Structure formats: C-alpha cells, structure tokens
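Per-chain residue numbering starts at 1, and chain names A, B, C and D are given in the order in which the chains are listed.
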Amino acid sequence: MSNATVIYNEHVGGPFFRMALRWKGRGFRPGQFVMVRVSGALDPLLRRPFGIYDVLGGRKGIEILYKVVGRGTGMLSELDPGDRVDVLGPLGNGFPMVRDPGSLVMVAGGIGVAPFFWLAKGMAGKGRRPVLLYGARTKEEVRLVRPFRAVGVRVRVTTEDGSVGSRGLVTDLLDRELVEGRTVYACGPLGMLMAVSEAARRRGVKCLVSLERAMACGIGVCLGCAVKTRPHPQEQKHYSMVCSDGPVFASEEIDWDSF
Amino acid sequence: MGRTSFSMTASGKVALGVDIGGLKLKNPVMTASGTFGYGIEFSPYMDLNRLGAVVVKGLSLRPRDGNPAPRTIETPCGMLNAIGLQNVGVEAFIDEKLPLLRRFSTRVVANIFGETVREYSEVARRLDGARGVDAVEINISCPNVKKGGMVFGTDPVEASKVVRAVRKATGLHVMTKLSPNVTDIKVMVKAVQDAGTDSISLVNTITGMAVDVEARRAVLATTVGGLSGPAIRPVALRMVWEAAQVARVPIVGVGGIVTARDALEFIIAGATAVQVGTANFLEPDSAVKVIDGIEDYMKRHGIRDVNEIVGSLKTPGPRANPTGSAR
Amino acid sequence: MGRTSFSMTASGKVALGVDIGGLKLKNPVMTASGTFGYGIEFSPYMDLNRLGAVVVKGLSLRPRDGNPAPRTIETPCGMLNAIGLQNVGVEAFIDEKLPLLRRFSTRVVANIFGETVREYSEVARRLDGARGVDAVEINISCPNVKKGGMVFGTDPVEASKVVRAVRKATGLHVMTKLSPNVTDIKVMVKAVQDAGTDSISLVNTITGMAVDVEARRAVLATTVGGLSGPAIRPVALRMVWEAAQVARVPIVGVGGIVTARDALEFIIAGATAVQVGTANFLEPDSAVKVIDGIEDYMKRHGIRDVNEIVGSLKTPGPRANPTGSAR
Amino acid sequence: MSNATVIYNEHVGGPFFRMALRWKGRGFRPGQFVMVRVSGALDPLLRRPFGIYDVLGGRKGIEILYKVVGRGTGMLSELDPGDRVDVLGPLGNGFPMVRDPGSLVMVAGGIGVAPFFWLAKGMAGKGRRPVLLYGARTKEEVRLVRPFRAVGVRVRVTTEDGSVGSRGLVTDLLDRELVEGRTVYACGPLGMLMAVSEAARRRGVKCLVSLERAMACGIGVCLGCAVKTRPHPQEQKHYSMVCSDGPVFASEEIDWDSF
C-alpha cells in the first residue's frame, strides 16, 4: 500500500511543513501534483492533493511544501522520517516551459507558491531571471520565498500591512510586470487568481492559472473536480476536470463567474 | 457452456468464475459505475484483463454536463457526490470509448439512465448492437421527469416500467441497480425481477448531505448528494442479504467494498459477484487486490470454487428480535 | 416565560437556551438514548448539570433481558448494535434511577417503547406522574407484534396510532423519534405531527449487518443491527434537513455527532437541538465538549443567540438535479 | 483528548508488545482494565480494552501487555515514545486479593496472562508463592511468563507439542493444583476457561474467570458486552455486563452454554 518513505518532514514555521519523500515516480513536469494517502486507516478516507515542490537529485523522490489546514495535513505533519505513505502521480498537465526565463512572471499567494519552486529552479542561471510576485499575510508566509531567492529568482513581496515588502496586494505589483511578450503563471487564492487574470486580460498578456478543487480520485474518473470552462470563446461552456485537464488552465478558458 | 469451462483462473488453483444469470465472468469482481471512468483510464495502474467486468460511467441518450461544483466532499469513512451524471452520451461511448475497451478480455457492462422510460429504452437499444458490450446495468436512482422528479428507484411500479422497456429494447444481459433509499428493498427486488431483469445489483448511494458551518451553506452545489464508501457497507450488506432472501436472479453486491474481506461478506451473504466503487479512488488497483485476496481466502479455507460460498451465511437459530429493529 | 429568562448560560456571554415546543433547555445539546445509560453513570466524567437534557435508555412496561451476545461490532466510522432494548423497566426506573437523576438541574427525557400501541401508552402513563421527568421520547423503531413484527416507525399509520395514544396518556412533552429506514421521511414527519407530537427527533439507527467471513456467520446474534456513529451523519443530516422543510414542530437532530462542528451542521440545517450518541463511547464528556464548541463558534461569529442560526442554511439557487438523486 | 504519553513500546517478540503509559489514573485494583483510544481519527472508531499489566512506581502510569491481532492493536504497535493516546479507567471489578498467596492458582493461556502480573507481583515475598499455570502455543508466548518467574511466581508451562514445559493442555497441570482451600483465577481463550471452570467445579474449588467481550463503552452503558449469568442457582438467568459487572466473574455464575 505504501510506496514512499518520509526522508524528512521539516517545520518551516507557522502552519508550513516541507516533506521529502523517497519515491519512484517518473516523468515529472513542473506544476504537476501528487495524491498522497496520509493514513492506512479509512479516516480520513481520500487522498490529498499536493503540488510537486521539488524533485530530489537523481529523481529519487520529491518534496512537497504544505500547509496544515485540517485533519489530513495535520496527520501528515506528525509523520517522522522512515514513516511510510502512499503517493499517486505525477498527475495533471503542469506548466509549459517558457523559452526565455526573463519573460516569466510567477504570481503566488500564500501556499500557492509551492508548485513554482521546481519550475523556477529549472530556469535559474539560464539567461534572464524570472520574477515571483508574492502576496503574503504572515511572516511565516514570507519565509516561503527564501528558497526562490536562493536559486536566483527575482522576488517581490507584498503584505497587506506593509510589514514586509511593499504594502498592498500582489496585483499592485503586477501592473509594472505586465509587459508584452511576458507570460503570467498564477497560483493562490481564488480572489487573487481572478484579479491576476483580469489584469492580464486587460494588458493582453498571456496568463495561466493553477486551480484547486476538492478531489476524490485525482485521475479524471470521478468527475468531482469540475470547473466550468470555455476552451474557445465561440464554444459552449462545459466542465473540465481540474485533476486531468488541469490543474493549469489558460485563464481565458475559465468561466470565472461560475465560482 | 459448462461451469468448469470458464471458472478456472490463470493461477489454476481455485475456480473464481461465476455466472450471473447468463453473464459469465472470470471472477466475481467488477468495478462500480462512476468510479472507474470508461475503464481505460485505469490501464496505467493495473491489468484490466484481471477484472471480472468493468461497469462504465452512466450513459444517457445525449451527452450531459452534470452539476455545478462543488460536486464531492469527504465524510467519515465515506464521501458524498453530486456529479449529476455527467457523461459523453451513448453515441460517443460507442464510437470513442468502446473500441479501446474491446482490446481487453474483460466483460463490459454499460450503466444506463434516462429521465423517462423512453430514454432508458433508447439508450439500451443503441447499445444492443454495439460490439464489446456484454450487459446493461440500469441505474434507476434517477429523477423521473414525468413524475415530477420523483426517483424511479423508490417506486416499484415505475421501476418495473423501466426494466420492462429496457428488457424489450435489448438482447443484452439486463442488470438492474437498486437504490438503498427505500423502506423495503424486497419490494423493489420482486418488482424488477418480475419485470424481467437478469440480475440485480445493489446498492447505489444513500442520499446524504454536508453543511459548511463557517459559510452556513450546503457544501454540495446540489445541497444533497450520494453517500458511498466504507461508511455504507453495513447498510449495503444488510440490503444484499435481504434481497438474497427473495431473489430468484443473481445478486451483485455493491457498497463500501475496499478489501477482499469486505467482498467476501457480500458473497457469503448471498451476492454472486461484487462491485468495487469508491475504493478505486483510494488505490486505483483495489479491485485487483480484492480478487487476489478472495483467492487467498479460498486457498486458506480449502474452497475450490467460489460458488460454494455464495450465500453460505449461517444465521443463528430463532432471532430474538426478528424484525431487524435491534436496538 | 420569555426566551431571555432561560437562555443565558453560566458564561453569560452567548444565549444557548432553546425551546423545543415548550420543553425549555439551557442549551441545545442532549445525550441520545441507549448511549448514556440512565445518566448517572456519567457523573464521574462530567458535570451532568451542563447538559441540555439527558435522554435515558429506552424503557418498557416490564424489564427486558435484551438479545443474546454478540450485541455490538465496530464498522468503518460506526458501530452496529443489537442490544434488544434491555432495560430495567419503567417501574424500576422511577423507583431507582430517577431519584438519583433528580439531583441534577438537567432535563430528563424518558425514551419509551412497546410492542403494542397499548404498551407504549401504558409506559407513558406511568411516567406522567413521575417527578423529575420532563418529556417522553417515543422510540417507534420497534417491532409491532400485532403487525407481524413490522416496525412501527416505517408505517405512517401505525406510527400515528402510537403517538396519538401516548399523547393521550401523558401531559408531558411528547417527542417522537423517527427511524431513517424509510423511503420518504417527510411522510413520517407529517404523520407524527398530525398525531400531536410536540417535537420530532431523528434519526434512530440505520439497519445494517456484518459478516464474520472466517466463520461464515453473522457477527451479531440477531444477524442485523442498528448502525450509528459518524458514518451515518451525512444521511441523518439530510433527513433532518428534509424534515425541517415540512415540520411545524421543532426538530432534534441525531446521528453521528462527535464535535461541535457536527452539531452545528444539524442546527444550521434546521434542528433546534441535537443529541450526542455513539460519541459518548469515544469520550464520555463528548456532549460537554460539543456545548463548549458551539459557544466558541457563536463567539467567533458574533452570534448572540443560538436560535439565530437554527435553520439558517443557505441553499444554492435552483438545484440542477432537484430530486436528491445526485449521481 | 489525549491524557497519556507513551513512555516505551517494547516489542516482546512475535505479536506481543509491552507499552508503558504515563497517565494519571487512580484507584487501581488487579484485574481491572483500561479503554485505550488508539487514534485521534474516527477509524478505528471505538476504544480498545486492555488489562492493566503493571502499575508504574509512584503510580505515574501503567503498563499494558498486548497482542497485535487487528487494526487497533496494529496502530498501537506503531506508536513511539512521546506519542499520545487517551486512556479511560481503571474499569471493571478486578480480582479480589487472596489472604494466602500460596493458595492462589492462576491459570492463563496466551495473552490471557496480562491481567495477572500486577496481582502476582503484589503477592511476591508475602509468604508462600502463588502458582501460574500457563498454556502456550508459541515460543513467544512462553517468553511472556519470564517476568512472573522474576518476581517469584512458581510458573508451570505446557505447550501442545511439548516443545517447552510439559506436553498437553493447561488443564492437565491443573488437577494436581486443585487442592481444597485454593482459589483459581483464570484468563484466556473461552475453551480453556470452560475447561478450568469445569475442573474446579468437580473438585469443589473456587474459581474466578476474567471474560472478554467486544466492548463499545467499557463503562456499563451501551449494554453491548452482555454475558448470560445466574448469580444464584435459584435465580433466573439474566445478562451481566463484562465491563461493569466483570470482567471477573465467579465461574459458577456464568451460563457457559450461552456462548
């Protein structure tokens, strides 16, 4: 049942943990996710989805960065090195690679930063630096961007109260970065995604968003993680599955009114 | 065809083959509708040829969009779903999905539904000629638009009409899937078998609900949804056992099966086969593990043919409290 | 008596008092029958005065031995029980248990049952004069011996007869406890309220079963039993919500409540009070924790009076699939 | 929720573990038990009953000796020092103390030895030695009696194949010990209890047995752990509760035919 072993499970501060899992997954793409079974018992019943934060050297496993918000993540935070869990994946489409790292504008809020690290790391030192615009609410959240700086990402932080970085919302920073030819990748709270999406649309900049939905299967069969989309402006709206059609969608495909 | 000709498994040790009213399966383990997609999605995770049968997602005459989100929520040892029967429609199934499924030596059961009796029989008729379909499973837990949205599956008269119409529309094996949301499952069993079903599967989900207390709103966009998973197993098992008391056709047990032990509970209580549903979300290869576990159990107990234990339940002498109200 | 005069709790911060059709409770949390003994057993574990009410083990006219063992078995997030309504009988309750319970300032609800309408009304009559009893709760999930063992609680006509008889036999508050083992709970709600019940509690246990696959025998001596615990919460909640749509009398929600969040689901869905059952076995002071948690929630949300949130559920606009068949 | 801390959780061999719990229980009697909640999750749902194996010095807690037979005990066996569980108790009536330790004949099979240790220890060195007749099926079971020898209990072991101790059933040893004035305390598999009970009855020796039943509450309120008893030969049979009326019963009270 358990195909992965906890290598470490580090408390990053506040509700945040970084866990490394020895696990024989294959064929990862940045922005994909895994479904983790946190317990061998039947409660909690379903697997929990987590973005791939990093891929370990030699592809010996992965790291996830997670926030404790409920029972499943609570149980995860209590695991010790050597404990075993079951990992299913990699799942989902992921973010496409961009040619010019300097053209990439990552926008994240809170734990939404998780799926960007491996992507950002992969681009580091390959030409111009990508930028990460990060909206934080607590000092523990601010700490989550340190590894991005360490690999050479240009990081700009905002906090609502201005205690760290600039004061305001992440979208305030965005306007300056929305230059033609750039691409925005966004992950975070729904409100943020909508605002980012709208800003990008106004400026005619391409924008991809990574969505979240309650997931039962993670592999496109339960049809639970539906989101209303319109692949082409002329087409009829229909439901796409966040797990198998996403989690990354072109923002103009999303029927934002349906949320 | 004699029983032995299909009942030996690859392992050659124990006979797992079963015959559900003419539908012959290499083993008694199927996957439940709506939890296994159109089957092919699971080929990365298991050898589909191992399965007794694949039951595909419910098919309607025309494609259906399904319900708005949220559509699922976890509950203690279970989950609620309100997918709203989103599906590609019977035509797209036949054209796009079936050719892929035909590559496997596993039986294919097409789960079907409609909002009128006519729709049910139309879907069945379309499937009748489709190469690679071995049976239809009628999902009668559906709103009957002609009856003001009342569910076919809770009214024996309406249920019979559906079964009779489907029976007439197809030469395929007809399995009827019962809803557990009824006072007396035996009434439904009798109704659908009198209407000519070849086998009966039960249970579908139990209607349930969850509330987001922070927002003071129903979690599901549809307010109520269907409860599935281990939580419902004791109820499903009781209904299968009750059904087996009155059924003249074979019974297929569904509801909360995760392990071989769970499946064996149903078989011993009277089910000739079982379906694994929500467990497919926990481990995509749950059904294969169930098959392996049944084989182990049989070897451990010296049972050569799984049919020996179907309905082998010993019940104690006179029941102290014969009605089932046992508190 | 005005609402404010009984609704302030000791903490003085938020008003937890509720009035269930004349039965006034200091807070909406009761303990469920059969899971809390005769109440006194729990005094080592909590201050019984904290509780809104104690519902005692079901009482019959004469003492009853109950069913042979095994009587309980754990199931996923639940348990099955087939106690068989073992109890000391109404006389011994009045003589031996009630004097001890009277020492507490908590309401006492006597859960009652019989095998005939007459037995029900006899028990109610005996309790009518008993000092310290505030209400009777009619358990209609009982075998009706006159009707060949069919359960009172699944037949609206028989259920009404019981309620009417009890109503006539006592001046106490009459609460009627419904069985979830029915196709349409709304029919039962209407039947018992037309028969004069003052309030309605639901749900009792869902009939279920477990099989010992090694012995190929039913686990419970009675084969089937009643499923309770968190597993059934989504089903209980749905029924409470459905009941609240048609009820003119207050509803008491029961089924799988472990935490304050669970209790709040029921209250928001329309229950004026709740009962904590199986959770008492997990932590003997579960009910007190539920009360504390409701208070915390109210403070956090700025709710001054718990009555403000009773039935406050927002449901989404038009339901895509209006029948509750949501797959 | 969790009122006890695991001090150690020692693998004794085979399926057996000995766990010490720091816990503020009070008023213990030998033969009583506790109900342990093995997980904060809802599956497994119910507490599990375990006899009190020993009481720690300064009454700082207790030890339990347990056998892994299913999910609950399996989860228990995975706990590490410092992990927390919830303990309810002490529960049940327990064994009465005997005046003369030399008059006590303890009969146990398998894990049934657990509730005797604290009792035996309490009697050690207080006059004549009590005896423990122990029926074992595996060498790991045999190992469970070492602590009894260490505190001065006279231990006689039988195994069915004679690999350790004498060959046969524990009841074969019993006949020699069934001397007038002695008292038999028995705990173990049902078949053994019945045989011991019958042997004691024939010899007119007092016999107490500690019973097991599936338990939901442990405190006498669910009425689940019923066993048919007849407190006086003239009385009608009725149901007693193993948790609150027992787990220790005079063997003649038990309606052995009802099992």
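General observations
One rule holds in what follows: a residue touches a chain if its C-beta (ideal position, glycine included) is under 8 Å from a C-beta of that chain, and two chains touch if they have at least 3 such contacts.
Keep in mind it's a predicted model, so treat the numbers as computed, not measured.
The chains that touch both chain C and chain D are A, B.
Pairwise, the chains sharing the most contacting C-beta pairs are B-C. Chain A and chain B, compared by their mean Cα positions, are separated by 37 Å. Distance between chain centres (mean CA atoms), chain B to chain D: 45 Å.
Centre-to-centre, using mean CA coordinates, chain A is 54 Å away from chain D. Counting partners per residue, chain B has 34, 66-68, 76-78, 81, 83, 229-230 as the residues that reach two or more other chains. Across the assembly, chain D contributes 42-44 as residues in contact with two or more other chains.
Judged by the touch criterion defined above, the protein chains are all mutually in contact, each touching every other. Those residues of chain C whose C-beta lies close enough to touch chain B in the complex are 34, 58, 67-68, 75-78, 80-85, 139, 141-143, 149-151, 153-154, 179, 181-184, 204-211, 213, 215-218, 220-227, 229-235, 237-238, 241, 256, 261, 264-265, 268-269, 297, 309, 312-316, 319-327. Those residues of chain B whose C-beta lies close enough to touch chain D in the complex are 76-77, 230. Listed in rising order, the residues of chain D touching chain C in the complex are 1, 37, 42-47, 86, 88, 213-228, 238-239, 258.
By the touch rule above, chain A contacts chain D in their complex via residues 39, 41-44, 71, 75, 80. Looking at the complex, you find that chain A touches chain C at residues 42-43.
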